[in-house]
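First the structure, in the form of structure tokens, and then the observations on it.
We just call them A, B and C in the order they show up, numbering each chain from 1.
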Amino acid sequence: MRYARQILTVAFKDLRSELRTKEAVNASVSFSLVILILFSFAFDPSAESTREFSGGLLWIVFAFAGALILNRSFARELQNDCLDALLASPVPASALFLGKSVANLLLLLAVELVGLPVFLVFYNARIVGSFWTLFGVMALATWGLTVVGTMFSALTVNLRLRELMLPMLVYPLMIPCLMAAIQLTTVLLGEPSLDAGQMVWLRFLVGFDVIFTALAVALVDTVLVG
Amino acid sequence: MNAVAAARIWKFYGDYPALREISFEVAEGRCLALLGRNGAGKTTMLRILAGLSRASKGQVTLFGKDAAAAESRSRIGILGHGIAVYDELSALENLQLFARLYGLPRPAETALAWLEKTGLERVKNGLVREFSRGMRQRLAVARAFLHNPSVLLLDEPFTALDDRAIAVLQGLLVEARDSGRTIIMSTHQLREALELATDVALINRGRLAYCGERTGEMLADPTWLYRNYGEA
Amino acid sequence: MRKPVLLVMIGVAGLLLVRNLLVMAQLPDEVMQGAIFRIIFFHVPAAWTAFLGFFAALVASILYLVRGNLKFDAFAVAVTEVGLAFGAANLISGMIWGREIWGIWWTWDPRLTSMLVCWLLYSGYLMLRRAVEEPTQRARVSAVFSIFAFADVPIVWFSIKWWRTQHPQPVVWGGGSMDPSYWNMLFLNWIPFLLLGLVFVAIRMRQESAKREIDAIRRMAHAI
């Protein structure tokens, strides 16, 4: 109970300070729009074959947009040495981490919900399956990206070249999660529902989330307190 | 009872020992001034006491319990080089946030009371970003004292402060000391520190060179300690 | 390990390699692939050595986090670097084989792809280390990264396998069973690889300890 309250306090704090400046969210949204437009030059957006990699396109955009938000997550605490005050408080490092992950999840999902309709319009696509199934896939995959990303935001917070290190370290780790998301999204943009073979991917996504959430929660204290 | 006890603390950076077997105890209600040159290990020691860094060897206890435990950490108040409040939040939001993190029963009232105490109640809804330097520092002081810590850890508390913030802080520290709280501070400002301190510890290249009560001769001649126990 | 021991190990590894090459030359060419099939005797043991290295890095990283002894950190870097070197050997030999048999340098075969992703992951480990200046922090941060990377390896492996089975792909090694004498050859060739790997690890660990010593002296000088 107390733990949950601590998580929410941290998440709420992060959301409030981000929404007040909107630095990361604005950058993330405009960046994803730019990539969406750039992709239209790389492929013929009106061609029928584009549908086959629409999921991939969308998730590459989300992954890029996510890096901008995740980079800020712990870097935000460096200003005025706020991280010290948080770590000295009785809040466990894992609650701090989960709170930040929740905030990042919500921010990134919001960016995705802006990017998705733009993508559908520009690429003449539509969601053939149910929106809520797609949203579920987005939430699961985004949580995967978020826990890994937030963990590495903590890992790289005191490093030189922080902004460069994060995407370099995080994208290879995210490959399985992105693959599952791409697979499922492509299906949902073209077919009414997931068949048994694709349910395996959904379970895989849940497994990825569970494994990396557990690892991050177990190790974040080691990373933050030296 | 000892409020803070450090037992044979070592801290290594790679193979370099930044702290070497430091042991000291601070009884409840005492005020210890940690002295030493730049790079002697004062900040490292304070960070270990605050649970921001782990000792390579040795143990820190707070009222007989492991200093890293959540219960111990809620009894510590820290004031470091940075003000550790958020620029994008208002003064009130900042204090409420920390009140919640410390699990205080009435965050809003506590926050308001401290804003009053530090003379910031008029600007309670102003964003910290717009505050003057002095106001930010007073808010930082309020943040550190908000949860009524029994142990205060201060890293160079007077260095960055302006006159008014120093006055506020000194008032609070005297009040805290007299009401039985324990204070440990690292400092360069010998005179201010020695007036407040009941005990003195000198760290010299990671070793504890002196630890004992503050005596009259230290107050009369602040360089006495360095001359007698400092580096040759 | 002492220098003469290392030299003996290198010598033994060299002799074994020469012997294996001579034996390989005697083997008949494979019906479908011709002479190039012999690359498997390097390709596969290289992959084994690489994964063994990454696994050893995981164990050393966990030990470092538990014990805090920087020797484990030095071991972790050493085996990761050896793993990367043999991983590169695996990738390059795979590419050469692919060029001969399929006429293309690269194919998104699940095994090659997985190895490439692993390789990228662990090269991230080395870059992460370069970005941290303080040895203890470096050891801690990179140990955590190594654990994350290793947890990712099997996940990457399975996901890529599933992914690729849903797309058409060329078949590697014909899917058939290998002659037992080939298996012997694989293992016999693995021994010199392991010996070389061990020598590299020993040398790198000594370098790491020297580096720590230099760093400590530098810090000492700064403190004075």
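Quick note on the criterion: a contact is a pair of C-beta atoms (placed from the backbone, for glycine too) under 8 Å apart; a residue touches a chain by one contact, two chains touch by 3 or more.
On a predicted model such as this, the values are computed, not experimentally measured, just so you know.
**Q** Looking at CA centres, what chain is most distant from subunit B?
**A** So the farthest one, by centre of C-alpha atoms, is C.
**Q** Between A-B and B-C, which chain pair is linked by the larger number of C-beta contacts?
**A** By number of C-beta pairs in contact, A-B is the larger.
**Q** From the C-alpha centre of subunit A to that of subunit C, how far is it in Å?
**A** The separation of the two C-alpha centroids amounts to 31 Å.
**Q** Counting only Cα atoms for the centres, state how far subunit A is from subunit B in Å.
**A** Centres of subunit A and subunit B (C-alpha means) sit 38 Å apart.
**Q** Could you work out how far the Cα centre of subunit B sits from that of subunit C, in whole Å?
**A** Measuring from centre to centre gives 49 Å for this pair.
**Q** Which subunit C residues sit where two or more other chains touch them?
**A** Where subunit C meets two or more other chains at a single residue, that happens at 136.
**Q** What are the residue numbers in subunit A that touch two or more other chains?
**A** Counting only residues that touch two or more other chains, subunit A contributes 226.
**Q** For subunit B, jot down the residues that touch at least 2 other chains.
**A** There are none in subunit B.
**Q** How about subunit B: which of its residues touch subunit C in the complex?
**A** That would be residues 12-16, 18, 39-40, 56, 205-206 of subunit B.
**Q** Per the contact definition, I'd like the list of subunit B residues that touch subunit A in the complex.
**A** Per the stated touch rule, the residues are 50-54, 70-71, 73-74, 76, 78, 80-89, 93, 97-98, 100-103, 127, 143.
**Q** Could you please specify the touching residues of subunit A with respect to subunit B in the complex?
**A** Interface residues on the subunit A side: 2, 5-6, 9-10, 13, 16-17, 20-21, 79-82, 84-92, 225-226.
**Q** Per the contact definition, I'd like the list of subunit C residues that touch subunit A in the complex.
**A** 65, 117, 120-121, 124, 127-128, 131-133, 136-137, 140-141, 144-145, 147-149, 151-152, 155-156, 158-160, 162-163, 166
**Q** Considering only the defined contacts, which subunit C positions touch subunit B in the complex?
**A** Residues 68, 70, 134-136, 212-213, 215-216, 219-220, 222-224.
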